[in-house]
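Some structures are shown below for you to check.
In what follows, chain A forms one complex with chain B and a second complex with chain C.
Moving on, here comes the complex of A and B:
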């Protein structure tokens, strides 16, 4: 391990290396393009996501000219639903990741700077959190709430997801907390809070950014899974997960309903993981990528 | 020996925290096991109160917790109100199914994954490397439940090769010869195992490739080659063996996700395992069964990662405990 220096991440250099990496550029463009589509799409499309066009004649129309991705069991246009569901899925995942990153950084920094006892207790809690199957825990927490409001869902997702970030931050802090620049700051009388925010935080942000990028993908998939089971995003609001769920019952007669949002899921997760990998390489040039 | 005791103690603490947290969490959400009975007008509040008392759900959370812990110490996980049997019996029925499904998938995925990763590393930059790399990249992005649906659609609906779900054919005559029964079980295993293997192979192969490439550049590999060891032996005995370490760590780490994913995959294939049991327990607000399922899941995960750590030390004795922790936080 190299000697930690009191230096901020070189964000300009990181951006430069990212731009030089075709994989990251492609991934970022795909994500950006998708974001634009889900934001402006609903205004341009001929049908609304909730609109039941003709419940007697237009049920399960095959993909074609009129309906590019077909219609579902309620005669709703699948394309409109996928676009509107993408808005929900992407917004949901980004906000959940933001919340969990803040919790994780706070916890990790506090644990790293706390006394030995407190540190052990805090990190044992993180170990415990990481050992519980997350889907199971969310299921246990959510099933009792009849119509889960979206903000509560975001909060619960974040509350079950910050452990990885906390451990990552704690690990980084442990590695640099006795470095000279930290000791110097301490000797100058800087408070714990100041040391955490001004001196340790810049070092931690890089790895956290990578981990959070990957976490967005995980959360999109997890939210989709929960919505597919019917306990995540609630109808009539569309999300990729509950569109797949709507199609599941008719999977053999009208597979297009479930397949289109699934392909969107795969694309987004793929782009996010490519971007995460690219970021990791850009942050530590010359090092072998880890996974 | 000391390290083993420490590890066991650590695991116990983790399980205790999880058990306590889940115990409180399921009680925080509104409703209780008898809330569904509210719709039945003939069940007066008095009857429901009587039920709650009979199942020990009338006290404060603290009292209930103390009661539960003392039964747990005697090996009693409580009574499942939704399946009307002791929690331990409900779990005993579901756990073997999940273990069979996961065990088979994990073994196949790790054997296949390490082989693919090794193949990639030995032909770095070649067609095989790039092809497998592309496929495994997509594999890491597949949502579990969606892949299960697609596999189901392809294998059971389009081509009708395999049964749609369940562990056994219900129409199989009683007293059928053993090989028919076995074949029937295997046929039911194919699709869910395919799904899980697809999900697991990708990260294993990718990690194995990177670990191998990392080892192949090491100086002791050059030394071995210079000493005249055959290239195959260098690859297998010197590089591959040490490169297994990260993969074993991954196996330990993948367990929670695997167990969580089981909820979805078991749901798609109607596989009567722990995931299905937990999901139905949650829906019925069957407190003891929910806590029991989470507890068993966590114990399995903790035991799995302890096993992985121990195995890692065997594979590479230089690995100290701290390094394992470091590798874990990096993964």
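Moving on, here comes the complex of A and C:
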């Protein structure tokens, strides 16, 4: 019998390896910088994101000294909108990921510790959820709601996104639930809940962290797609997706409206995926880095 | 909790006709098949046998730790402190595990959780069963580490299993088992994974701790040397059944069952002039492939026709001895077999 994999997660060592990886450092700095910009930016910028400056004279002003990134079809300052939209997109994605991670961990742990029949049913549900494209699920759910409040959108996003985490956690639990230290914990009187939280949780957190980091990027892209279709974040609230959507109509005459949020979006997603990869390598230092 | 009703003459633990089955691809197997024994208060019973004879499974059964596809068959009874552990509700069972009956596993490297320090693992047991605060539990854990002979326990308590030596890890396991003063210790090959000098130290530690607390112990081992040193009584297990039971001195003086005889002959002895160790031919057959009548018949030097047609009962021989062998009825055959060996040698 091969020994179930279980190792001590040495968070100090992980941080150290992460800091030694230039790719991760760059990605983390970019993300941190952007986060600071979107948090404090709206307080420093001269224009507000919703403010229509002059609907007759200031429509589609080219980027310049007055408006660094130009204005859009409603004479709103694009820079102000991109910063405010970044706040929405990033906050939206991180909260959705937080919710789906909690659901996924809970589901995966419970399935891994349940009886064989319950476990099968629970994991077949996950398979079913994963077999339907996420965008399709979201479209179906959103079709019934005319004006989706942001919190509901977050919930819907999370409800369609936890399957991957649940399957990941379940796999990890399966690998270590037969470890002798789990049996020893039971022999010394630990309840199922205590075993899940105290003995299994620490072992699944590492892989979950990697997966959730990557999931933030996916959700930003997904939200952008939905907003572009007009069913994501609702106007006048800005998100990177709906700013790009607003700009596509005038892409030949005023391309700057879509380009700026587009660049931000690509940058964040690339940084998140680089950081995710870096974390994966830092968590498993024995393995060869992915090329 | 203090037991108001104590019955010093009652056994602390009684197994009666314990049967464990496993559903496998090849059908139902019964690796523990009708095991019965008693352990008195303060007594150590050694359960002896080769790998695969069902010793460890019997130990896990006592605390109901068998998981699907394994099943403890109805009709089995495990009386511990006058309660049947096979019928008590789960919550009560959890309060017994670790507090009244604790288990020590063979391989501390895998039985300790690698993500928690030694002190945390002991404190965890305390906090599972008592209302002790985090710091109280920690203090108790450190004291316990000192009590099991770990030097500078304050420092060791903060170390993780991989930072400790094998012997120290097993001391930590023992500390986890002892910290709540259980009345029964189940030690499953507690020293097998360690080297010989450490083995002796840990056996001494276990025996002293057990005697100081008046606890009973079920000591599972395949090492008859360990038995002689630590136990008062011995139960020998073969192919899922108890084949012989006896007080330790009587067993060593005159083993009754041919299997026990074989085990003893296979023991290295100081001062023995024989160069080679005797072995029992063959291995324990896997459950499901056991001979229908006497399960030891195909490896037994005395076996005759009756052994392959009629299953021997567990004969009671008096003085707490028993043997599952037809030789009890026909002792002359044992002598005859020895004479034959004498002739051929």
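Here, the second predicted complex is superposed on the first by the 280 of 291 C-alpha atoms of A that agree within 3 Å, B and C clash if a C-alpha of one lies under 4 Å from a C-alpha of the other, contacts with A are read in each partner's own complex, and residues count from 1 in each chain.
Heads up, the rule we're going with is that contacts are C-beta pairs under 8 Å (C-beta built on N, C-alpha and C of every residue); 3 or more make two chains touch, one makes a residue touch a chain.
Every value quoted in this text rests on a predicted model; they were computed, and no experiment measured them.
Look at chain A after the overlay: chain B and chain C fit there side by side. When the shared chain is aligned, chain B comes close enough to touch A:140, but chain C does not. Of the two partners chain B and chain C, more residues of chain A are touched by B.
In the superposed model, A:183 makes contact with chain C only, not with chain B. Within the superposed three-chain model, A:131 lies in touch with chain B and out of touch with chain C [touch as defined at top].
Once the two complexes are overlaid on the shared chain, A:202 sits against chain C while remaining clear of chain B. By the touch criterion defined above, A:191 reaches chain C but does not reach chain B.
Once chain A of one complex is fitted onto chain A of the other, the partner contacts of A:56 are absent, as it touches neither chain B nor chain C.
Using the contact criterion defined above for the overlaid structures, shared-chain residue A:115 touches chain C, although it does not reach chain B. Put simply, chain B and chain C get as close as 16 Å, counting only Cα atoms, in the superposed view.
The interface of chain A with chain B does not overlap its interface with chain C at any residue. Chain A makes touch with chain C in their complex at residues 3, 6-9, 115-116, 179-181, 183-191, 194, 198-199, 202-203. Here chain B touches chain A in the complex through residues 10, 13-15, 17-18, 21-22, 25-26, 28-31, 137-138, 140-146, 149-150, 152-153, 157, 203, 206-207, 210, 213-214, 256-257, 259-264, 267, 275, 278-279, 282-283, 285, 290, 293-294, 297-298, 301-302, 305, 326, 328-331, going by the rule given at the top. Across the complex, chain C meets chain A through its residues 60, 63, 65, 68, 94-99, 102-103, 105, 107, 110-115, 124-125, 128-129, 160, 162, 173, 176-177. Within the complex formed with chain B, the residues of chain A that make contact are 124-125, 127-128, 130-137, 139-145, 167-168, 170-171, 217, 221, 224-225, 228-229, 244, 248, 251-252, 255, 258-259, 262, 265-267, 269-270, 273-274, 288-291.
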